[in-house]
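In the part that follows, the structures are each spelled out as structure tokens.
Each of the next two complexes has chain A plus one more chain, namely chain B in the first and chain C in the second.
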Partner chain A sequence: MQNKQTAAIGETAGHEKPVRRQWLRPDARPAALVLLATVALIVSMKLVNSDFGSLNQLTAILITSIFLVVASFGQGLVILTGGIDLSIGVVMGIGGMIIAGMTRGSDDMLVYALPTALVCCAGIGVINGTGVAVAKLPPFIMTLSSGTTFFGIGLALTAGSSQQPVAPALQKFMSGSWLGLPLPVWFLIVFAVLATLVQNGTAGGRKLYAMGSSPGAARVLGLPTTMLTIAVYGASGLCAGIAGILLAGYSSSATLDMGNALLMPTIAAVVIGGARVTGGAGIYLGTLAGALFLSTLSTVITILSLSQGLRSIIQGGIIIGALLLQSSRSAQRH
Partner chain B sequence: MAKASPWYRRLGGGATPAMLLLILMLGIYAVYEPSALTSFGISNLLNNAIVLALAATGLTIVVLTGEFDLSGAGVVAICNVMAATLSMGAPGSMGTLGLVLLVGLLVGAINAYLIAILGLQSLAVTIGSLIVCQGIALVLLPAPGGEVAEAIISGVTGDLFGIPIAGIMFVALALAWTFLKNTRWGIAVYAVGADPVASRLSGLNVPTTKFIAFVLAGLCYGAAGFVYSAEIGSGDPRISDSFLLYMFAAVAIGGTSLMGGRGGVRGSLVGVGILTVMQKMLFAIGVAEFYTNIFNGLIMIAAIFFGQLSPLVARIARRRPA
Partner chain C sequence: MSPALQVNAISKRYGATTALQDVSFELKRGQVCGLLGENGAGKSTLVKSISGVVWPDTGEILLNGESYRPRSIVEGNRRGVSTAFQELSLVPTLSVAVNLFLPHPERNGLGLVLTRKLEQRAAEILEEHGVRDIKPSVLVGDLPLGMRQRIEIVRALQRKPSVLLLDEPTAALSDREWLFGLIDKAVAEETSILYISHKLDEIRRLCSRCVILRNGRKVMDSDVESMSNDEIFTNMAGRSVVETFVSRTPAIRVGLAPRLEVRNLKGPGVEDVSFKLAPGECLGVAGLEGHGQSSLFKALVGLSPVTGGTIAVDGIHVAIRSPREALKHGVALVPEERKSEGIFSDLTTMANISMPVIDGVTRFGLVNRAAERRAVGAVTPSVNLSERFLGYGIGALSGGNQQKAILARALISGAKCLLLFDPTRGVDVGAKQNIYAMMAAFVRDGGSLLFCSTELDELVHLCDRCLVMYRNAIAGDLPREELSQDRLLSIASGFRPQPDVGLAAASQKGA
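Showing the complex of A and B:
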């Protein structure tokens, strides 16, 4: 099983360790670059501040990156088809709130709460997808509006009250470890492998690339574009839900707006990872690298105790910088 | 344009259904809130709507060229924070107005350069500039506070010969667009939005047209930020996320196609009216505030859905022999 997975990654990324080879596939280059940038960031922080970069701190960065890693997979799929999902932040909050509201600090209801939360979050995604694919609404309007609507519904149902603590089992999952590695890191590895397999190793994944690069041609070829679009937004909702549940477990309680701060970073992670914002190009390895880079950056900013404002400026600047790099790359190719 | 459309169609600027909805909502609001149609009520309503009207006007111009601009909320935040920190000091109120418009112009020009000249995708670029602008606003003023000069407040929210300034600005926006859309550039905006390739082939300068649109939009956002500061009287770096939704909702409800090339500022102004009156109406009827979020989202989806149906209906109607 392990061999098969490595083989699959090797196949999709050009090579297992892309940094050392010259003949990288073009879409794996941004991933390698961003991973290098992450390492450079860690090393330069280590030089400035020798306390930085202990094994514990690096694991902590990995653990806090898990929300972004999971949620940006969904965002990446949606962007791959030429859309965008602006409801992710709200869906994360709703996922966390359902878990917190149903378990109320005990494990008894967790068996029911987990599927309920995931089905609700995927359901919001399906509604988004239906709006985009069937009613032909522009994706960002559809997802922005449904985000606002469901935030309103969530607010009405909870009357804005803060929620009870979540099930202890979730908190244990986020802080436990197995074979010397924290459980969330195991989760991250498994998720990354599965996500890469789904996006680049299955027929469905290849169809998304076809749809993103030429929706018209995809339709002429007879691809079920409507169903695929709905499925992609559903998957994005599901990922946001998983991220929200993990976030609730990590912070041991949930609030409705806890995911809002993660919405823009999901887009940033996808764009930094080299995906084309108009769809049809980009691999999950890039998004994963982007998410890891942003989490590292976020930790660095916290350690340097920069203000929230500077954090936003850096993040926005990185998005625009990545777009500029992309355009110069495509200019070279033509 | 062969046949002159009847007067009631021209009133809404291509947004007749929206105009009817606005009148209906005003009616309901007036029933529940008798003071709504007094001169105080109307001036209050106009003051509530003018910020969104300015911002939505800017957005409409960009959307007409077939691009998106999310940076509006960020520019409004920066300008609000600037007005709250600068207007009491050396620049004075006119100096602040100048600086604020300059910032709008600058952000618009940066967006314009990245999108129109370098050809980057507008949605992603303006998400980036939105985040940067919000960050700058937070750096300038980390927590809500500051004070806006009294001269600005009275100048923007006051009256001129008994007519609210906000009302004059509304009319000015509508007139300015009526003038602009008949200039060479204005005609090019519609052409570029409808079909960029055909526009380029027929000799229009697509990048310049888009560049001017983004710069004008930036100016509008700057003005919106200035007026917003006058309305709230202080600075708040975190202008609510829903402002962005309102901007797009106003444009979409007003009948401007989000694909570009169809619609106009007058429709967006009607859209602004609908959104403002809707808040007031829901409040007057007694709907709790958190439900208005739900209405905002739903009306947005409905507006765009029907907005997309209307050209279809028009096409069917045209096919019928008159």
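Showing the complex of A and C:
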């Protein structure tokens, strides 16, 4: 009896009106929007240039998007916790260089080279994470300076580019196909499914959202924030390493700076996909859509033979545009 | 003559919560009008609407008969509306002098702020307002809360406003007469004052009229003299809530080791604190704001460092360096700052509650929604949180429901000792009853509560025993029979209680 009475008070006193359920979860909306934009981009290119948009060309876009899809997963995890990883470009280069340097054009050493490269890349990430979580350095300074340092180390040990091609097996992987689909596309599908599960299905993923949403509450609640932060930067290093290895296989050789051009797009993919730059919101599906959109855009720019300057302007403009859209959306809420 | 301030039917919503609904009132020239209401009744939102911090969704405000829609505090100031905020609006990294003249300190021809001139002017202004113990060159961050509050008040007054809003100005003030004198002087100069407080004696001393808000609506607007204290309290509804709460029988389990035993605990903001908390006991912590309650709670869960003393849980000495370790020993904190330390505003209510046990509701490494729902469903009835809120983002819920979710989360963690810091602040009446019921059930089942509240009547009615803190130390330890608001307040204000020699002697012996 008492319970019933207090329940009634609770309902009326709060003045709460339930929000209407929408057919699409709000956090999936940016992903859908970006995918639509990608389709629109392809269709409009097709209208301008009927040669564009062949199946081969679309698969080629998918294959070139794989580096961004992989690397921006790591970036997305870091951004989810409220940080940022500016060492991704360098780590990609280092991953590729280790593979190229160790295999020297033969497959014999590949079984050792792959784990070595991945462990090194993840290790750089762990160092970043430790700096951020334990030494409490601001993430952008920590990752930027560790990136610069490791670039320097790489430059001292190598000449900055591999002297020999990477293992042929890797090159074959990037150009082979299975059941009519290129192997990299299979890889992309499997990776996307796993990444979605990790970020949006596991308990660890849930904790990352909590950390990014309110670091203070995460601390009071006793979430293992230090370990999670280190793990997240480690994962980002690992993803960058994988992307670097794939990139080396794709271009059959490696240079230390080959990943630099991909750093900004990893951030862009995450932001376009609807993730909040300060952490706590955004799903991997959005990041994936953002990566696909940017890769399509990049191909379009190449086909239109626009200058490098224009390419940068478009990329920067898209990030700023996405951020403006985000802030106007959150301003509406308040 | 048109009234100094006329508020016509303003409403304001935050997400799904209505903070103000159709509130209208008038403030005549040279009048002091009291604004009363429970925490969360909408007083602060009303003040913010008038001062220009938030914009009301509907309704209009007239200032001296002219339309007034301030888009910022600065615009409000320019129109002659000045505010001393409850959560002070001073910049801690700047000096008292600079703070007094914010946002636009006087500049010389080169556009530079001359510190010495500024401090001279500041000293004059402070002197004018009867403040003699604060140097203008000191950084505000280095001052205790009471001094900051005085600066906040002086800053609002020195602008010579036509309408002055004082939001709980005596919360941290030791010398209320100082403020009353200033108010009398301002009224003599035709300033109109809206005085927010929930202290009745202040309202009776200062105000000719008073407006009472409850759940965002105006429930009363009348002369103070014609109203009895009971009438005012009933309208505020705050007092009656606790009093209607059935007084429970003590559930203290005797003969067991204390759930929490703290001896000579020292740390930043905590000076030599000792107490015992038995299983099944609700131990209150009273004190005026800023007397160490917050630091004590933080030290107990390892959020702030402990420099001396011991903590024992269930008779075993433990070192607690983080909330994580505290939770391992069964001690969980429900923090003071709900927004920044309590909720994860981007997550659903369900995810907020299940967070402590999220690792336990997985299958093949993935969160099993059905298991999560079951786990959460097991605790929500204890706080009477409606299931229909679970799927919504917690940010869209009212303060009361957010607090219920946070308490549900504390329950789900399985902690046997909860440290509740002001769990009913900014919470509506219904939720308060639910929270009291949850607390009673928790101790009945053998749990222990350390319960800090700024509302003395809660402590009086809910606690088995109550500690009173003064200047970061424990100044009193009152058993249930001796609890009264007056008693708590007098000890919290620094008057030594006569019969309380035993504890002081004991703690000295310990040290």
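Please note the rule applied: the second predicted complex is superposed on the first by the 308 of 334 C-alpha atoms of A that agree within 3 Å, B and C clash if a C-alpha of one lies under 4 Å from a C-alpha of the other, contacts with A are read in each partner's own complex, and residues count from 1 in each chain.
Assume a residue touches a chain if its C-beta (ideal position, glycine included) is under 8 Å from a C-beta of that chain, and two chains touch if they have at least 3 such contacts.
Because the structure is predicted, anything quoted here is derived from the model rather than measured.
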Touching partner for A:Ala135 - first (chain B), second (chain C), both, neither: first
Touched partner set for A:Ile153, first chain B, second chain C, both or neither: first
Chain B versus chain C as contact partner of A:Ser307, first or second or both or neither: first
Chain B versus chain C as contact partner of A:Thr196, first or second or both or neither: neither
Touched partner set for A:Ala281, first chain B, second chain C, both or neither: second
First, second, both or neither for A:Ile84, with chain B first and chain C second: first
Contacts of A:Gln75 with chain B and chain C, given as first, second, both or neither: neither
First, second, both or neither for A:Leu324, with chain B first and chain C second: first
Contacts of A:Thr229 with chain B and chain C, given as first, second, both or neither: neither
Shared chain A surface residues [contacts with chain B and with chain C]: none
Contacting residues of chain A [partner chain B, same complex]: 84, 131, 135-138, 140-142, 144-153, 155-156, 159-160, 260, 264, 267, 271, 277-278, 307-317, 319-320, 323-324, 327
Chain B residues within the chain A interface of the complex: 68, 114, 118-121, 123-125, 127-140, 142, 237, 241-242, 244-245, 248-249, 252, 258-259, 288, 290-298, 300-301, 304-305, 308
Contact set on chain C toward chain A in their complex: 15-18, 21, 215-216, 301, 303, 322-327, 333, 335, 337, 340-347, 351, 355-356, 358-359, 361-362, 365-367, 384, 386, 388-389, 392, 396-398, 400-401, 409, 428-431, 433-434, 437
Interface residues, chain A side, partner chain C - complex: 2-3, 6-19, 197, 201-203, 206-207, 209-210, 212-214, 216-224, 276, 280-281, 333
